[in-house]
């Protein structure tokens, strides 16, 4: 019989092979250090490989249940997490919150507690309120994985973007990154700024001025403040990586921007892309609106990484689920001491 | 929990001689090396597999491909392991379909590691045959798994652990019998 | 009769800061003398030992929410005033955003009826418009006759400049101040925090300081036009303070109040804590510094708590959905004393902010002299204590100060000669 305290030595797992970080939840990129991010990306690699196998299903998380609680409409991310869970052999418990009791007035806390009472091993959550994942994590014992909270963060998107960049360019350090779009309301932009600045990337933000406020300059983790630029031509000059954000046509409390204006001033066209470094990567968190924020030729061109982003999204999410629920959950440091 | 060293079971020379002998056995009992491939089970199965391949090249002039397999995702005991293992990648740069595979590991004990390894292999394709090669067989099987090629068989008790230390991983070269002390 | 002995009297109205004994007879002060000089009287005299303590005129909280009628789950007049008494307050001014809105004299009368169980005096503020909807004038004169001391549509700004002008014209003739929650609703819509680096980081929609300052600007113009006394509720931004300062310099009847949370906590400390969500939102470091300066130099007339009780369940939600407001009666004095200890404001000045300041805005008196009503606040500047939300007399627990250790606080509260609170 394997005893938890001795099993690491029994099974010849050396101290350096034990996960060095405690991740109880993944709520945001901001609290993570560069080496923790590197570790997460490294852990995603085996899962990239598994997706090339003829048989993609593992039994690793067999018997585990992943609670998927999306309180905001999303098809792609939900499918990505569901597939990640089932390819690891886990079951997914789906909360269709768009049509759920929330609309009957049940509070978020009660909804999540009801889900928790069915004993999932973790909850993957998307919600339209910033801080919602943090709120739920404070009230539940099980790990919470933030799949997007309001305009705050979307950590798995930043991780899969980083994995895509690292695979294509070899490393994450010191690149010139340009992000185009409605930055103010973008959780993807925030997570990307936090992550890439931790690797010394120089970040340029570009978009209509009311969507690129001055306070964004303070989000950078490295010495250089984030640069804000209103002309997309200037923003693309010298860029190694271009991240194009989607335009949300419906914004509460905002006067709407004429879309033709946006296309004229900010659409990423092949001509504008030539202003960036040759071979610069083009990323988009999806879903894309071809002909709006991105020209179809760019979306389908050789510099576009959108399909790899999707594949890498699956790998990153599998790695995170494995990390959060793939073991007994005993204190890692206690295990270390026993060796 | 602490461990205390009891005896040395094999020295560096003995390990080397054993691997040479095993390499010969594999060549003899495979009816041809055309479809042979070695798969080292991480961690220490990997340098062992590489050394066996080298030895086979010296014997037969044949280049047997070597792959590495990380079994973490295939373990059945993850829920019981307090320490969470870091995932490594598996690297098998050839198709396993139709291959005559030799799984290589340092110690055969309960057999669960090998069962996990086989699960991993069969996710990749359909090998013609899978046989097991281990440096040490220490008994105490919990599953119906046997090795076709064995370096040495050693009787052990439950309190004992066999530590195979290899230059590539441990910066020393010998096989130790250690004991768990409460 | 009650004899308060050996205390240090701080009475801004007479400029006194000296040891005094005070004799209370019934509901009034009978005598104020240097220690030991009060002669024998007929009848029982209870003695209250106030050595080492400050005796001040009864504190007034001119901005609070008692939720009754209609919101009794979170507070009642009785529980609210009990908490106020524990905070050292002898009179409170509840805002009219009750259910129904306090916009006519029959609601005023029902409030006074319920206030029979109150531990402090209750001086209600009536609505400026019917239902506080910003369309038609409320029954302001009738409410004043029934006991209302000011008008406001608190919770909202008074909706239009045109309506504000009508309200101010009317109130000037009645001699009542107009209190406004200054806000430009288009800038504030949907916002839950002060717009700035912190709101960007947390992804919470913010409103710029300009949302308040624009409202203050509008209201000062109309006040000048009408000659009415205008009072800025819960002022939170440096820009707003500068406007009030300029208006005062010009000789206009403009006054303002600041809440203890606005001079204590800032936007960087909010995170996703719903116990730090209020309207106006917590300001920046610079705002806080400016507010403290304004408290010291007289630009700010009063400290008012904006005590806003909410049932725990309503605050245990995502930040966006949580209602605005925190409780404040029991921590106000402790927080104000932190400023005194840090030498940001003087003790006498602090007492003004709780007494003569708000009294002047409301057209009331606050002084300690023979014949005056016996409303007194006795407090310590040194006694260490910890505020525990679970022990609060309020029905609600929404406070960011749970567990905070204070140096100095209320020791006894006397309303109309009766000791309503004693530590």
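Think of it as A, B and C in the order they're written, each chain with its own count starting at 1.
Basically, a contact is a pair of C-beta atoms (placed from the backbone, for glycine too) under 8 Å apart; a residue touches a chain by one contact, two chains touch by 3 or more.
Computed from a predicted structure; not experimentally measured.
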Using each chain's Cα centroid, which is most distant from the centroid of chain B? C
Mind having a look at which chain is the central one, using mean CA positions? A
Taking each chain's centre as its mean C-alpha position, how far apart are chain A and chain B in Å? 38
Distance between the centres, which are taken as Cα means, of chain C and chain B, whole angstrom: 77
Whole-angstrom distance, CA centroid of chain A to CA centroid of chain C, is 46
Chain A touches which residues of chain C in the complex? 189-190, 195-197, 199-205, 271-272, 313, 316-321
Would you tell me which residues of chain A are touching chain C in their complex? 30, 107-109, 127, 129-132, 134-135, 149-153, 184, 187, 190, 213, 215-216, 218-219, 252-253
Give every residue of chain A touching chain B within the complex, in rising order. 2, 4-14, 17-19, 43, 45-46, 49-50, 53-60, 63, 88, 319, 322-323, 326-328, 330-332, 334-336, 338-339
Which stretch or stretches of chain B touch chain A in the complex? 1, 3, 43-44, 70, 72-75, 77-90, 107, 119, 122-125, 161, 163, 180
